[in-house]
Amino acid sequence: MLTNRSKQVVKREMSLAEKLYLPAIFSGMAITFKHMFKKPATVKYPEEKREMAPIYRGHHVLKRDNAGAERCTACGLCAVACPAEAITMDAAERKPGEELLYREEKYAAKYEINMLRCIFCGLCEEACPKEAIFLTDTIVNPEYARAGFIYGKDKLVERMDARIDVSKRQTADVAMFKMGESAAKHNQLYNPKGEQ
Amino acid sequence: MSQVDILQTVDKLKRCLQDLKGLPPIEIKIEYDFPEITVSRDQVYRVLQALKENKETGFTFLTTLCGIHFPEKEGNEFWVMYQLHNLFTNERIRVYSSASVGDPVFASVTPLWAAANWMGGEAIDFYGLQFEGPPNLTRILNADEMDYHPMRKEYKLEDDSRTDKDDTYFGR
Amino acid sequence: MVTYILIKFVLVLFVFLLALTVAAYSTYGERKVSALMQDRIGPDRAGPYGLLQPLADGIKMFTKEELIPTNSSKYLFVLGPSIAMLTALMAGVVIPWAGPIEAFGQQLTFQVSDINIGILYIFSVVSIGVYGIMIGGWASNNKYSLLGALRASSQMISYEIAMGLAIVALVMKSGTLSLGEIVTQQQGDWINVVYQPLGFLIFLICAFAETNRAPFDLPECETELIGGYHTEYSSMKLGLFLFAEYINMFVSSAVISALYFGGYNLPFQAALGLEGAWLAVLQFGFFFLKIVFFIFLFMWVRWTIPRFRYDQLLHLGWKILLPLAILNIIITGLVMWANGSLA
Amino acid sequence: MSYLKDKGIEVEYKEISNLNTLNLGPTHPATHGIFQNVLTMNGEIIEDSQQTIGYIHRAFEKIAERRPYNQITVLTDRMNYCSSPINNLGWHMTVEKLIGVDIPKRAQYLRVIIMELARISDHIICDSVIAVDTGALTGFTYLFQWRELIYEIYEEICGARLTTNLGRIGGLERDFTMTAWKKLDKFLKGFPAVLEEFENLVKRNRIFMDRTVKVGPISGDRALEYGFTGPNLRAAGVDYDVRVALPYSSYEDFEFAIPVGEHGDTYDRFMVRLEEMKESLRIIQQAKEGLPEGPYHADVPAFYLPPKEDVYNNMEALIYHFKIVMGETDIPRGTVYHSVEGGNGEVGFYLISDGGRSPYRLHLRRPCFIYYQAYPEMIKGSMLSDAILTLSSMNVIAGELDA
């Protein structure tokens, strides 16, 4: 005995009723019978979907701003932060006339996430200083071939006709910040039409 | 554990080591909340046995054992760390012992603690250490035909010939 | 003569199909019951409420690849499940499904064959069933299968004795070995379980063991022996083994209901005032209800309690059930002697 | 024979033996992971056994030598994946000890809640799996519905369910949300009844007791020799618990008992885990009631990421953000060891820092790896079914075994 907090918990002597097998079996059967009338806990998956937490770490998305320009500036911080080394990117410089496509002067010409390597730890999202990459509460689709799991920009960048709301993933402080004055300036510079 | 406790442990440790005859003086370092001693490898079994059996110290529990590789310390490249615990007083110490790269042989402490068997086996697998004495410790984790010891510092984590990941731009 | 053969043929076909259907739907029932007990839904995709699930399973079983392990004894490997299935189906012939009626100018009995040693017949046929398991387990050339087969055979041997002795008391009471006779005796009288509660309990427990159902499912015991004797089986050969188990369950339930619960006899049969075919249908329905209840009991127990260890199982069989069965015989004898019905 | 051998005559002979070799694993329903036991059996009695491990060794200790400190958390996720938050937070506490940060009380209490939830989920798995391996499958599904709720709470806190990557160096990444509190309340309210139902299903059932009592016993002394910690040691009667012996994260504030067994057999291990779940519930209750106000992370700008609005807005924060993510912050040199009470015992992190970006050496003390050595001794002379129950009651988790 090392401490005075120990508590002997095991009782191994069986009473006569317990030795007879049957009472315990009957009480067990009563329990299982009772459960036959309980509501099942099953979620019928393809039809019903469980509600994921708003901060669930699922499929990645590369956000655009409200004007439709990609936010990613190819700083490479997400690739560095990735413990699984799943992210690969090539940066390119924005040419004149592409302002509506890319928000910053530099952008990711190639952005690939290898979903077979990805461990969905969320560190890329945390690392991103441009609120470009987010994880969403959807899960990655299964596929038959490995090649399909290397997600390029075609699968990662959000479509303007099906925008993904990530506002719940951001803290209240970020939201406040966006409404504040500095945000206005920020928006004026990069996004005159108003940020999401 | 507060600082005072550690000093008490150090005192006990000193007394215990003084009782052992023929032992060169051993320096006791304090590293965070652990006293640390370094013992030459031919004495380490004796010292550990004394620490275990001495009534005052009573380090009867081997918490962990692992190998360490310091390639820059010439002549003492391979180290073994034994961490002991006195469950009654909750004092803990670490004992180190070292050997050179050509002759990384240590005494097996499995007779003292059965737990040391696999812990030693792990060190054999990953550092190529050898433990002499009963029972014969062998590799346990790696494949039998593997002829190198991957945790040694000369092995890089990633192979340079790797082609599955194109990280020319943001490589590590 | 031709009519006789025709009628018997129809009856055999009926029993055969009934056994297969019940077995097929037992697999469905097993899943549904376990699901409900475990707060799940169970099969619900094939057809309404998943009712076509057995069909889907059958198709799956038939279309799966046939695998015969290289080092197995091929003929025995195929023979094993066949024997298991055959004996399971054979046991059904002596069960009386309903009372006799007058039709086609003769008396029709809803029993394929009312042999006067019906109980012995069931015993012998069921005990051949274990050969299927043994042969299958041995022929697989797999240690897990072999262990399963060995467990199965020793279990069968130990429990058959207690089961037989439990029946002896019943036979003493009724004075016949014919199932049809025993059922008829219970007509309008108390059912046998009232006279033989201990015998019934022993018989029930042994029936669990004979059908390899939990808590006695050691031969297949998925956590230890993976699948036991059917580890190496696939496709319809596995299907036959599983089917045999469910048919055995069905037959056991039928035998329990016939021996101890009055078989097809309706309570207050005379008061109902029914006759002929309608009565037979009603009797059959009632008998079937009893069978379904016992099948449910089999499942209910399986999904509730843990299983025995091998030595504990033998201990229970030899040291508890066997003495109890002998005690039951003695008590029955004493009671019969006391009220003078001992001839 | 030796006579012939001396004469140089080679005789080939087969030793006739009743013994039979059975491969239990690498993939067997009862191993719950990938490791092998080669049993030498005499009928159903086990005469000897030999273990093979290392099938899923992923060299975490080596990988850790290349990763910045904040990226090692995801490795600890995969050690004991049944209670990964304990490992995550244990790792964070180790680094916090190295850099000498004091964590605010609130963060410590929140950590306690998370760790105790993780312990409950770990014990749920072990106990229900013992029941499953005896053949009683149904109780397992009752408990697992509530483990699901624990996972939902994790999901609310960190966004993932199994590999949580929870907490950050210096505190937690975010406070509990309202939904998380609601779910926690639901758990605290509903779980005790379910646990009792599960107990009634198996605990005093004679079949279950016959199967588990005196199965795979180990004495307290022998267990200590083998380096047992955690519930398995406590089942053998030694009340060593890291939470009490060397309190961390404010465990000294809470009132709880250490359940101990006597013989160290399967039934004891089952019961100790069952009672520990109740004690964990008590701790969570206390931590929830006594939860102080305050920040959920310490003020360590060099290690804890600045808030996002500052990163977007403030140059200094952005620089820190980059430095932390790239792992370029200065870390003291030194050697530290920190241990937490994991689901299976003392999870220890022995860390040598040379001041670089990643640890110089990180040794993980995995309780499973150490106590699984005792398995051949524990099952010797028992039956095959006992071996399986001993294995499931030891709760050997392959991810922790091989690290």
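Each chain carries a letter (A, B, C and D) given by its place in the written order, and its residues are counted from 1.
Following the convention adopted for this analysis, a contact is a pair of C-beta atoms (placed from the backbone, for glycine too) under 8 Å apart; a residue touches a chain by one contact, two chains touch by 3 or more.
Remember, it's a predicted structure, so these values are computed and weren't measured experimentally.
Taking each chain's centre as the mean of its C-alpha atoms, which one lies nearest the mean of all protein C-alpha atoms here?
So the chain nearest the centre of the shown protein is D.
Of all chain pairs, which one counts the most C-beta contacts?
Highest contact count belongs to chains A-D.
Centre to centre, using CA atoms, which chain is the farthest one from subunit D?
Relative to subunit D, the chain with the farthest C-alpha centre is C.
Centroid of subunit C to centroid of subunit D, CA atoms only: how many Å?
46
From the C-alpha centre of subunit A to that of subunit B, how far is it in Å?
Chain centres of subunit A and subunit B, defined by C-alpha means, are spaced 41 Å apart.
Using mean C-alpha positions as chain centres, tell me how far subunit B is from subunit D in Å, no decimals.
A distance of 23 Å separates the two centres.
Would you mind pulling out the distance in Å between where the CA atoms of subunit A average out and where those of subunit C do?
Spacing between the chain centres: roughly 53 Å.
Going through subunit B residue by residue, note those that touch at least 2 other chains and give them in order.
Counting only residues that touch two or more other chains, subunit B contributes 87, 172.
Any chance you could list the residues of subunit C touching two or more other chains?
In subunit C, residues 37-40, 303-305 touch at least two other chains, as defined above.
So which stretches of subunit A touch two or more other chains?
2, 25, 28, 31-32, 35, 41, 80
For the complex, which residues does subunit B have touching subunit D?
Residues 1, 31-32, 34, 36, 60-64, 66, 68-69, 81, 83, 87, 90, 92, 94, 113-115, 117-119, 122, 125-126, 140-143, 150-151, 155, 157-158, 172 of subunit B touch subunit D in their complex.
Looking at the complex, which residues from subunit A come into contact with subunit C?
Going by the criterion above, the answer is residues 25, 28-29, 31-33, 35-36, 38-42, 44.
Would you tell me which residues of subunit A are touching subunit D in their complex?
Residues of subunit A touching subunit D: 1-3, 5-10, 12, 14, 18-21, 24-25, 27-28, 31-32, 35, 41, 52-53, 55-57, 77, 80-81, 83-84, 119-123, 126-127, 129, 131, 135, 170-171, 173-174, 176-177, 182, 186.
Give every residue of subunit C touching subunit D within the complex, in rising order.
Listed in rising order, the residues are 34, 37-40, 143-144, 147, 214-215, 217, 221-224, 226, 303-312.
Under the touch definition given earlier, write down the residues of subunit C that touch subunit A in their complex.
Residues 33, 35-41, 44, 300-301, 303-305.
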